[in-house]
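Below, chain A partners chain B and then partners chain C, in two separate complexes.
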Partner chain A sequence: MINRIKKNSRVIRVLIGLRFQNLMMIRLGFFGPFFVDGSLFLIQLVVFQTIYTEVDRIGTWESGEMILYIGTFSMLNAINMLIYFFGVIGIPDKIKSGEMDLYLTKPISPLLRLSFEKINLGSFPLVIMSAFIIVYGISLGNIQLTVEKIVVYIFWMLIMSILYYDLIVIIRSISFFVISNSNITRVEEAGLELCMQLPGIVFYGVYKFIFYCVLPYGILATIPVQSLLGELKVINAIYGIMVVAVFTVITCVIWKRGIRHYNSASS
Partner chain B sequence: MRKYIEIAKIYIKAQLVWRVDVVFNMVFTITKILFAYLLWGAIFGTKTEVAGFTFYSMLSYYIISTFLNQLDMSSGISNEISAKIRNGTFSKYMTIPVNIEKYFIAMEAGVVAFYLTFDFIAAIVWIYIFKIEFVFTTNFVMIAGALLMILLGLLFMVQLNYYLGLLTLKYQEIGTFLMIKNNIVAFVTGSIVPLVLLPDAFVSVMKLFPFYYVTYLPSMLLIGRYQNEMLIGLIVIFLWCVLLQIVIQVTWKKYRRKYDGVGI
Partner chain C sequence: MIGPNGAGKTTLVKMLTGIIAPTSGKISVLGYYPNDLKNEFKQQYAVVMGQKSQLFFELTAEDTLRLFKEIYGIPEEEYQKTKNYFINLFDLKDLMNVQVRTLSLGERMKMELIVALLHNPQIIFLDEPTIGLDAVASKQIRSFLKEINEKRGTTIILTSHYMDDIKTLCKRSIVINHGCKIYDGDTEKLFEQYQKNKKITLTFDLPTELPELEYELELIEDSPYKKVMMVSKEKTSELLGWLMKFSPSDISVEEEEIGTIVERIYMEGGRAFA
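So, the complex of A and B:
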């Protein structure tokens, strides 16, 4: 186990090194992801600031809490863009073109390589911007911080980053079994678009079932924010960990079955 | 004119090939309606009126503006032109005996004509599913004015995307810029929230720009508000169409020679 971790760490280091070299060659659009997603979240911020000039609270959250939510979602998105997004989104094309063959012949996990081969440093400013939004939300909401709360918040951010990763990989892995997954990725886009604008606290009934269980985008940023606010109940914390565990198992199963189902270029 | 009608007809037929896409396009209009339903549902739980909107007039606004947004599929034009210039296949448009801009206008007209019915059905379905007491004006003048403004707005968006696509001749890679543009346009056209919620100074400035008249004002007119802005709105969006047409011609004349037809 320890040897495996050591080996994988070495592989990740090599992949990051190669990526740096590659990025230095192709500088055009280096900060593209930052500008695109940065503008999206800044607009989101303006929208909610505007709405809060008309109302005091949405659900139980005031302006500060909502800004914290936007910052948290932006941070999860930034981590995703920085580390694995650009590698994982290439999975469907690699399956269709048969390029996955190259990944299967290497003596490392194909998913590990795909996840770390396209680290995007141009997204790093998004992390900084998100941190500023989070700090702004905390100060505006007069949220009392303790070391314990901060540690728990960071823990939930890490856990939810895994869930985000699981969801992205599951949807791309469906390409092993179908000819085109373009409309399935639209489900992801729709879920993300909705949940980056709406915190989980406004969902109820069937909407809560969909965005907490089926497509759990609704809990991605909601649970970390609730933990920082001290609103997270034990039952919800257990539920959050269970969802991440279940989706991680589903990811592993789908990926392994997908690899077995893969028929090279004819997939 | 006949050849452009033929182009529009071809694009109507082409949409039939992508039947699953048509269904998904209809289904995914729910995202914005659901956003509005949940967000404004939570807000109107404690208030009866926000910026002159009741809960149902707010949802009616989102239904109409989402319908109009779905109709505008012109953002694909800038991506297509940009990609074709970059890979050298833009020559196709230069060799066929049509005006390239009119070709794209006809293309957009064909796509809009096809999706009109389906988007309308989707809007009716959402009104029924969410049990919305739909607010719609009965004033014929406002309806006629809004329809004319919608047509001019669609034309403006085609022109804008055509122009941005042409900028690839000079700047080569505009993909990032186009994505940022999409984010900003969604905001300034009032697709995310009605512009009336924004500060007055911002709205006053926006009235000088065409985006105010692409989705926002027509939607407001169709729910029976802002009749006094209708005439000036039609004039402003018309003037922007004329201005952009001049800019397009100047740009095309200036940069067309940069196109080498071999790809970048």
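So, the complex of A and C:
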């Protein structure tokens, strides 16, 4: 087990090195994501500014808490863009083109290699920007911080990054079984867009079921923010951990079944 | 492994390497069921697909090798030794730090082979390794593979459409058509029994008309400056001697294409099945 971790760490290190070299060859590829994501980020902030000129609060959260929520979601998104997003979104194409063949024949997890081979350092400034928004939200909402709250918040951020990763991988792994997964990625985009703007606390009934259980984007940033605000109930914390565990198991099962279901493509 | 397009050669390689699972029957390679995708099994073989590259096009071949060193967990000393052995064998010293995209197809295939052989596999699966290569590059690749087989004891399982690849490299041939094995045996015997004709192409500087030919042959092309004919291999040298009287400017004698041989084996029901 330890040897495996050591080997994986060495491979990840080399993949990061190679990716860095590759990105420096194509400067636009290096800075492109920063401009694209930075623009989306600013649009989102403008939308919230506009909303808060008309209303005082969304659910029980006022503008400070909402800005903290936006910063938290943006941070999760930035971590996703920085580390695994660009590798994982290539899975359907690799399945269709038969490029997956070369990943399956190497003595290392194909998913590990795919997840870390397209690390995008161009997204790093987004992490910094998100951190600024979080700090701004904390100061605007006059949120009292303690070391314990910060540690718990970081813990939840790590846990929710895993959930975000699970959701992205599950949706891409569907390509092992179907010809096109474009419809499900549209559902993913719509769900993400909605949950980036509305925290989980505003969902009730069927919407709560969808965004807490089926596509749990509703808890991604909500639980970390609730933990920082001191509003997270034990039952919700247990639920959050359970959702991440269940989705991680589902990811492993779908991926393992997927690679055995893989048909390759004719050369 | 020989067979026409769509015969199932690549599919068989994919099953042997675990990329796809067989829909029925049993399969065992080195004692493993390939589609279990066990790392211990993957550590013992390599696969090179002529139409799929494992090199990073924007980087150098050295960079790709560095990644594969870590993937296969090769110790630094062994890595340097093996790498240098292949660099010298393939004469690629000056190309290791060149961007892969700027390399020729032949040079790229040599790099692919180094990447595949770096961990000293017991078996190497080669799916049409000489596809698209010119005669010189193909010949070089064949001679390297022969040396690797003889000196390092690596078993080579090769699929190819090219007669030269098979004749130079393979002692044993398996002919496949429509997913079925129709011949499995000695390569020399295969060609002895089923390669019945040779194709002779003659070109002339002046318009030439051949008289009524005394030989039993099939005239494929008959224009004033060029004649192409198919004749039984026993009669080839005799016919060539006779044709020399017409002073051709160029002569070429080619083997029958693999597709024709496969078709013949298929028609004759694979009687020489060993």
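Basically, the second predicted complex is superposed on the first by the 264 of 267 C-alpha atoms of A that agree within 3 Å, B and C clash if a C-alpha of one lies under 4 Å from a C-alpha of the other, contacts with A are read in each partner's own complex, and residues count from 1 in each chain.
Convention: a contact is a pair of C-beta atoms (placed from the backbone, for glycine too) under 8 Å apart; a residue touches a chain by one contact, two chains touch by 3 or more.
None of these values were measured; they are calculated from a predicted model.
In the superposition on chain A, contact is made by A:263 with chain C only, not with chain B. When both complexes are overlaid on chain A, the residue A:194 reaches chain B alone and has no touch with chain C.
In the superposed model, A:53 lies in contact with chain B only, and not with chain C.
Of the two partner chains placed around the shared chain by superposition, neither chain B nor chain C is touched by A:142.
Interface residues of chain A, counted against chain C in their complex, comprise 7, 10-11, 13-15, 18, 21-22, 25-26, 98-99, 101-102, 104-108, 113, 259-260, 262-264, 266-267. By the touch criterion stated above, chain C contacts chain A in their complex at residues 10, 14, 17-21, 35, 37, 39-40, 42-43, 45-47, 49-52, 54, 56, 58-59, 63, 66-68, 70-73, 127-128.
Listed in rising order, the residues of chain B touching chain A in the complex are 20-21, 24, 28, 30-31, 34-35, 38-39, 41-43, 46-47, 50-51, 173, 175-176, 179-180, 183-184, 186-187, 192-193, 197-199. Contacts from chain A toward chain B in the complex involve residues 28-29, 32, 35-36, 39-40, 43, 46-47, 50-51, 53-55, 57-59, 183, 186, 190, 193-194, 197-198, 202-203, 207.
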